[in-house]
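The following blocks contain the structures, represented as structure tokens.
The following pair of complexes shares a single chain, chain A, combined with chain B in the former and chain C in the latter.
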Partner chain A sequence: MLEQHLAALPILLPLIAAPIVLLVGRSSLAWMVATLVSGFATIAAWQLLITCLASGSLSYAVGGWMAPWGIELRIDAANAFVLLAVTAISTLVLIYSKDSVAKEIESDKHLLFYTAHMLCLAGLSGILVTGDAFNLFVFLEISSLATYTLVSLASDRRCLTAAFRYLVMGTIGATFILIGVGMLYMKTGTLNMLDLSVRINLYESSRTINTGLAFVMVGVGIKLALFPLHMWLPPAYTHAPSAVTAFLASTATKVAVYVMIRFIFTIFGADHVFNDMGMDLILMVLAVVAIFKCSYMATVQNNVKTVLAFSSVAQIGYMVLGIALVSAAGLMAGLIHIFNHALMKGALFMAVGAVFYRVGSVNLQDFRGLGKHMPWTMAGFTLAGLSIIGVPLTVGFISKWYLVSAALDQGNWLVAVLVLLGSLLAVVYIGRILEAAYFQKLPEGTDPEQVKEVPYLMLVPMWILVIANLYFGIDTSLTTDAASAAAQWLFENSQTSVPQVMEMKP
Partner chain B sequence: MNLWGFVEPSQLILLAIIVPLIGGCALLAARKSPNLREAVTITTSIILFTIVLAITSNAFNGVQMQVTWVELVPGIALAFEVEPLGVLFALVASFLWIITSIYAIGYMRGHHEKNQTRFFFCFALAISSVMAICFSRNLLTLFVFYEVLTLSTYPLVTHAGTYEAKKGGRIYLGILLSTSIAFLLLAVLGTWSVAGILEFTPGGILNEVNNPLVLGVLLVLFCYGIGKAAIMPFHRWLPAAMVAPTPVSALLHAVAVVKAGVFSILKVAIYIFGIDGLKEVPTADLMLYIAAATILLSSCIAMTKDNLKARLAYSTVSQLSYIVLGALLASSVATAGATLHIVTHAVGKITLFFCAGAIMVAAHKKNISEMAGLGRTMPITMIAFAIGSLSIIGLPPFAGTWSKWFLFVGALEADKLIVLAVLTISSLLNIAYLLPIPIKAFFNSPEKNEQPWSWSQTKEAPLPSLIAIVITSIGCLVLFFYNQPFIELINLIPGVSTNTQELAP
Partner chain C sequence: MSFILDYYNYWVVVFLMMTGFYIVISANNLVKKIAGLNIFQTSVFMLYISMGKVTGGTAPIVVEGVELYSNPLPHVLILTAIVVGVATTSVGLALIIRIKRAYGTVEENEFKNSDDAI
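On to the complex of A and B.
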């Protein structure tokens, strides 16, 4: 019974849980319900991934209405992989958030936090599993609205401006996507992704569809914080509560990257987007600029959360670069980096949240002397930081290896060099923080008794991510299998759709 | 002599990597009692040396030893294999680790250093990664442990925790990490992209590639990517690393770390390009002349340095380029000379660093200008210093003679007279910056001292340090008369031979 509806579970469980969480009335109870629900969603996602790797894609008709009329949930290796990452991180962040939220969010808003988190998770899962372009927009809005709420929950009032800025930019992005999808519907009369892809290919070149593509790409570009549309991200990540930042940084933008992959490869077809429209060059240039500009920005910030936020924008550049290389290898590098970056940034933001928990602010000078007083937190931060730099035996190295070798496979030495040079900037921004933590003493007037290690509920999830950083950096079989299956599937389905159309042409 | 006959030969490699790690953990557990902790360190280092000896005797008997750990990327695994070049380096590193551990006891206590447990732990970690580098079977494994070595030595460089230490550490990590990520990783990936394999193969793996541009770029990337070889202009990290405690400078920055760099370059020259293949690479000459320039320039800089450790550091930069030069000459004798230079320079330079540390502990002097007349109070140390200097210069009857000899012959064989000139001038420069130190120590005295010298005036470093100094300086002498095992090992390396073809009578 459950197995049949497995595909719907990652959306339905958190969606149903959201009002329940609000009704239970006690913060600790709400925490427990939310964590359990998120845990079940993770198990469902794991089952889905195993099923997909064994038997290809999985289709589920919502309400029994068959596609292309009804809404179809369609799960293949690509989204099952990302789904697993998102639900797993959500569970870990929830475990972590009990203490962190108690510190950072006023007590009357705790229930709101868990509710919004559940809604956000439901939205993100929905985006990942849906096979319907309009439905994707709906879930995007569910998750985005929940996100604006989450960002504005912090007790620091600056979060309100950040949330408002995020709201404005996010809504513009969502509107653009809606306009783009509307144009596709206008021309093709369908919203199902697979159906769309067949019908779009019937047109040799249609201005409406191309305009739709442009709208969608810009809209998604805002959502995934592609340079230069990233300006909403640093303030939002900086001022949001730490648990929220950890969750958003490792999931929300990744899901947006997934949306971009979906639109390019499944709906429009890689051939059309890259060869006819020349999007690969645009994306590649923007990605490289993002890597350099935002890594540089990260090196000059004072607030560590802002440092990591800019670093996130730069890392998104790596993912987009992978897509823009237009090869199965490049796409695979992008997908792997989605997963790996979620692990690194999750761990880093959790560590920063732990510092906030004890010290009360996260400017660079507040990190002084923490190496001695919060050894586990800073050791976790160090390892995850090495992973961002891309030191071997961490996941960051694996991502970089695949990205650079994908570039070299195409003879694109310039991109390979730029990727490696860009990653040197990470040495600088991570190094600054580590130097403060390990080579300086606690500032005068701080009570050493107060600055001590954080509770286990915060340390354990952080270290699970840190160990995952190392584990998946050494034993890469799971991630590479899933990512290469996903990339192959996306790339081939995107390419083979072209000859099909040739036959159908009148 | 095989104490480890009961272990399967291939497992010895794993043991060599894991034993220092276990030792590291054990000494963490024994941190409460310094004596126990040091006993653990020395026991571990002796066990490691016996393991390496067992590996050596297996290598001489032609036993194949390989191990594969995990596949990092499809087609490339973390894998290890014993080959003669690695055995040679492992022998040097593991033997000198014993001596350095003994020396460090005297130095660290005499100097009242803090955080000694962290020091010995990171040291063990560094040795473990050196062992992994020695026995790595492919470029990726080499790269991985090269990075681990960089990171594990960083806490050692910044050990003092002062502003200078932090600054030195920043340069150290900055240069080594940047060059390895920007150049070496690119070179590894480039090799993977054009050759399709990364395994170290006798004769090289790039022979099929007919694009001289790619080969040329790869060679430059390898030479500069292996920043530990300290070819100019990426040599600044080595003098910067001298802020570390002297045992670190001695073992790591005269032996393990820098030799890991030149070892990697030799590996690349012999097993990736192949000695014959290297002749076809258009940039080989360019890098050869850069290495030659490094030899001369850093010798000149060494002369201007008054700080003893800084002078030794620049001397090391210069000597490392001897090895790079030997590798790039693309002649089998020169490569043999370069390989032998790993051994002879290690013994000579570690003696000099030990002496520098001893002077710092006993006389609290860092600058050469203050060392006049020191021969009266520290006669044993200064005699050892003189021996080490003569060995570095390459005068008989000391070890350095042989490696220089083979380098000269190799330069002749490759028909590069300019290299010959560089080597000669460099030997003269070595005399100019090393010998004045012991000479002034013995024959110049700051104050008129009429009394005849007696043993009661001596104020040497603590006994463990002194023992270490004596052992290594005797080593310099022994290796001149008895270097047969090393020569035999070198002749086992495919394509490398100490016998010349053309010049043989």
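On to the complex of A and C.
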């Protein structure tokens, strides 16, 4: 019974839990329910990934209406992989959030925080598992609305304007996706993704479909904060509560990258998007500019959360670069970086949240002397920071290794060199923070008794992510297997209709 | 001339979309920004609804003697999108109320700190 409905569980569990969390009335009870539900969703996602790696893809007809008429949930290696990352991070962040939320959010809003978190998780899972283009838009808006609420929950009033800016930009992005999907429906008369891909291939070249592609790409570009559409992201991540930033930075933009991959490879077909429309050059240029411009911006910021937010935009550049390389190896590098970056940024933002918990603000000068007074937090920050830089034995190295080797496979020396140069900027912005933490003394007038290690409930999830950073950097079999299976699957299914054209690409 | 007349529904959509977009970008007042966003979204509703029309077709209700119906699916889709639009508007307005309480203004140029600009 439950096996059969496994595909729907990652959406249904959090969606049902959302009102229950609101009704239980006590903050600690709500925390427990939310964490348990998120944990169950993680187990379901794990089962789905195992099933998909063993037997290809899995289809679930919602309400018993068969595709392409009904809404189909379609799970393959690609989305099961991202789904596992999203649900697992959600569970860890929820464990972490008990103390962090008690410190940063007013007590009468705690229940609302857990409710919004559950709705956001339901929306993100829905985007990942759905096989219907319009349904994707609906889930995108469910997660986005929950996100605006989450950002606005902080006690600093600047979170309000940040959330409002995010709302305006996010709504424009989602509406663009809606227009794009409308164009596709106008031409093909279907909304099911697989059905769409078959029918789009029937047309040699259609202006309606190409316009739809343009709208979808811009809309998704806003959602995933692709340079130069990223201006909503730094303020939102800076002023949101720490637990929210840790969750959003490691899941929301990653899911948007997945949406881009799904639209390019499954719906429009890589051949059409890259060879006929020349999107690969556009994406590659934007990605490289994102890596350099935003890494540079990260080196000049004073607020550490802003530093990491700009670093996120730069890291999204690496993922998009992987997609724009137009090869199974490049796509795999992009997918693996989705997973790995979730691990790094989750750990980093949790560490910054821990500093906020003790010090009360997270400007660069507040980090002075923390290496001695909060050793575990700063050790975690250091290891995750090294991972962002891409030091061997961390997951960051694995991502960059696959990205550089995918670029070299195509003889694209310039991109490989640029990726490595981008890492040097990461050395600068992580290095500034580590320098303050380890080589400077605690500011005068601060009571050393006050600045001590944070509670275990915050340290343990942070360190689980840090250890995952190291573990998946050494034993890469799980991540590389899943990512390469997903990339192979996406790439092959994308070129079945016109295999002879794709082979010409070096 | 026929280029304009044959596609008049699309011209309406484009005009509304650009109007809404312009208001979102240019308006100084946050409530006006939300109103612009609404116009922008409404244009997309019009796009969907007008594409469901089948020439000569009637409303999709089964009655005797009628063979041709308009396509009801875009209408259903847009019902969902309208609900999403209403939810977005209400979240936006709720945020504006809190901004008014926190800053004492909803005019963008009256925020003191450049960090707070929207």
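The rule is simple: the second predicted complex is superposed on the first by the 496 of 506 C-alpha atoms of A that agree within 3 Å, B and C clash if a C-alpha of one lies under 4 Å from a C-alpha of the other, contacts with A are read in each partner's own complex, and residues count from 1 in each chain.
In the analysis below, a residue touches a chain if its C-beta (ideal position, glycine included) is under 8 Å from a C-beta of that chain, and two chains touch if they have at least 3 such contacts.
It should be emphasised that the depicted structure is a prediction, and the values quoted were computed from it without experimental measurement.
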{"item": "Touching partner for A:W46 - first (chain B), second (chain C), both, neither", "value": "neither"}
{"item": "Touched partner set for A:W376, first chain B, second chain C, both or neither", "value": "neither"}
{"item": "Chain B versus chain C as contact partner of A:Y471, first or second or both or neither", "value": "neither"}
{"item": "Common interface positions of chain A, toward chain B and toward chain C", "value": "none"}
{"item": "Parts of chain B lying in touch with chain A, wherever the complex brings them together", "value": "70-74, 78, 143-144, 147-148, 151, 158, 161, 166, 170, 173-174, 177-178, 181-182, 185-186, 189-190, 192-193"}
{"item": "Residue ranges of chain A touching chain B (in the complex, touch as defined)", "value": "386, 389-393, 398, 400-402, 404-405, 408-409, 413, 416-417, 420-421, 423-424, 427, 431, 435, 439, 474-477, 480"}
{"item": "In the complex, chain A residues that touch chain C", "value": "134, 137-138, 141, 145, 148-149, 152, 157-158, 160-161, 163-165, 167-168, 171-172, 174-175, 178-179, 182, 185-186, 235"}
{"item": "Touching residues (chain side chain C, partner chain A) in the complex", "value": "21, 24, 30, 33, 37, 40-41, 44, 47-48, 51, 74, 77, 80-81, 84, 87-88, 91-92, 95-96, 98-99, 102-103, 111, 113, 115-118"}
